[in-house]
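Should a chain be cited, it is by its letter among A, B, C and D, assigned in written order, with residues numbered from 1 in that chain.
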């Protein structure tokens, strides 16, 4: 048995991991959008017509419809808007179908962070963890999946021993009333790539749909794990192991995301 | 990055949410009926041949068969009855196959509330929550999914801070013996859109199959969440946050549902 | 809205539920056998190549192979044996593939009870409940899914308030060593339609494959529920509600099953 | 009803179980590789682009790509390397896609043990159990699924009453830093077929992809069960029942695996 990893030819298969790697599948399509809705339903993120996704693909913005069963959405049910020409590209034939009430939040998040995708889930873990954590931030450190989270300051992923911080805001009667609290999160937590809404769910944003989906899965895993840790009195943050990030600089904020945003 | 949500053209994509929005998929079909049975099986609602659905589509009433494995039901296995002409449209070729024993309950609920669909699940959460809650009502407030529940008095959805109340009745040896307890629920809880049957399961009804399915998913989520809340001594109802509904009027009851009922 | 259930034509859709109703799908086929293996894998019953099924279809006996991944079994991988002619009908092309080591147990159970199907699962609930219940029987009463369990004495289903009793035996190093303990169960618990093997799994048998599958799902639900009940100190058996079965007679044992057995 | 198991013809269907039985599906293919990625995603093992698999098929080594969503991997995304000729056979068209960072670990494990397959999961159970078990080994005995684990010393499976031991190592900032700890595991625990990485996941290796997948499922089941046992203060190891393995001999180590390795 050869130790293949030392072959020069094998080593050529390995390159540095950079953020561009993540965007292999190309721009979002309507076919993929509706398939992702089914997948998110099956993951328990979009039951009861809940949850939403907004995604920029080239000059087009795609947003899920409101109140429709997410696992049954057809391509024609997705709202498509040209953000360069500021024109409607497509809307559901049934004019009474409304664009997701999260649109106002997606617009703010995309504008402020340069993100091209926002995913909003009604994951049970996202809801329940906000009942365990009474403070205004969820924090966890020393977990492998933290390495799946981008840091908008550095454009790289967090390290295993970093502390992932997700702000928690209180829920409001309507989605639009979450606008100001989320604006506060974006201002006060410039490193944040997600926010938990108490008794409601989770918003995650990132430079591409692939990275946003991957981060949402990483966070959902960490939230579900954290609930078990809370129940068994395991500490979420290992203080001793915390490595202070020293290249954190506010002026770097959103630089990377903005560079990648096509609009 | 533009703040698209303020474009006049984008704003035209947004309209007021009304109840009619929900009914985009049109009338129930046999194909959809059997697909929903598979989906409900996979959600854990109809294991062991349990659970049932009754649905009015135009002048036809479709009801699932009794005792058959719900994930294997074919279109020909669904009972179809013309409620205008009072005639059988279709029944399973095997004459020994019986219509769901829930028929008597579905008939009562549809008649009394004007609902066009009733879904009966054997969800584990629906069963277990009735062992945590010893009183005769399950109540929860301040949860986003409460906004997925219709209020038959107002024809609108409940608000986030409203208290969702689901009556709990004791189980009986046979489904038909649940008739009088459910009649009592409909009389004493006119706002109810669901009832829990202790150690058994859940019944949910609504104006369309889409709204009924959506509400069943919302309630199932809330029941599963409530079990975790009970285990961890979190309060299900936030008394301080309770907003008294002031337009509740018994004479408005079922008006909306009746208007929509085609028969 | 009419109260359809009182229409004479609708009432004709309802007939007495008898045991024959359950057998609508007809005899087991190789296609269905392999589909069921996939389904049982997805239910968590047959992970890691574990679990097995034996089923009589006409004069043929079908048994799953040993050690193969159950969700990947092809029709040609199923052992088929003609029990009338005592001849091999089919075996996997790869002669090293062995018939399930449960064969010896299936043979005993089918012979002693007249059952045409035995399902053996490695469900996690079946394993864990045997760690909660230290005694030699699992008992639960007052659960709707108890109505899904046949009573071989009466040929009818148990009642809601009946106590379902499933004997628990200790595991042994090899499947064949379970032969005598299972023989003991069949002798001492003639009403049993299932046995739990501690730290191992569950065996369920019944007159047809449909009824056996339905019962396995009902029992799996009850075991998972019972674990939650044990954790929260809810009583599994409601003594007050116990209704003594008075037509239990040992001479009636297996009569029904034997009548239906084609061999 | 005949007792078929005693028929001479039926008995011919039964042969001794040997390790060769397990390898019925033949060599790994790209089609199967990508299907397994989907399956592992659905099992919760490879969320958020996590997890990896390396597999030798004839003279080819197949390894999953890094950072891509595992449930969306296409055949062209799998790295294929000829280990005899030491040449690249295939790599993703997008040259920025990197081979799994686990390659270095897979290479070590395959070289040291003669294994042809390594599966790396990010199962939640694998993570959480390392928080319950503070020591450096996970141990469990008297569980049926222990019989699904191969013993590289004997070339046979463990017995029901054996103690399965899985070493636990601490996580490191990068996968390559796990190289020395895993080398230590291979040296100090020559019987090991798996290692847990604290707050990260699980590595499992075996003579074929089939046996490795089966063992990973068995271990995942045991870990999930063990978490429930820990929560309820059930002992993982039954000391009294421990049967000392007496044919354990270090010189036999990897003999079997090496014999089967084609390279």
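Everything that follows uses one rule, which is that contacts are C-beta pairs under 8 Å (C-beta built on N, C-alpha and C of every residue); 3 or more make two chains touch, one makes a residue touch a chain.
Chain labels with UniProt names: A, B, C, D = Aldolase_II domain-containing protein.
Just so it is clear, the structure is predicted and the values come from calculations on it, not from any experiment.
Among the remaining chains, not one touches subunit A and also subunit D.
Most remote from subunit B, judged by the distance between CA-atom centroids, is D. To fit its Cα atoms onto subunit C, subunit B must turn through 90 degrees, a value rounded to the nearest 5. Computed from the mean C-alpha positions, the centre of subunit A lies at a distance of 32 Å from the centre of subunit B. In this assembly, the C-alpha centroid of subunit A lies 45 Å from the C-alpha centroid of subunit C. None of the residues of subunit C touches two or more other chains.
Chain contacts in this assembly form a single closed ring in which each chain touches exactly two others.
By the definition given earlier, chain contacts exist for A-B, A-D, B-C, C-D.
The part of subunit C that touches subunit D in the complex is made up of residues 47-50, 61, 66-69, 71-72, 77, 79, 81, 83, 86-88, 91-92, 94-99, 101, 103-104, 106-108, 110-111, 114, 122, 124, 127-128, 131-132, 171-173, 197, 199-201, 227, 231, 258, 261, 263. Residues 1-7, 9-10, 12-18, 20-22, 24-25, 39, 142-145, 148, 159-161, 210, 213-215, 217-218, 220-221, 224-225, 228-229, 232, 234 of subunit A are the ones that touch subunit D when the two sit in their complex.
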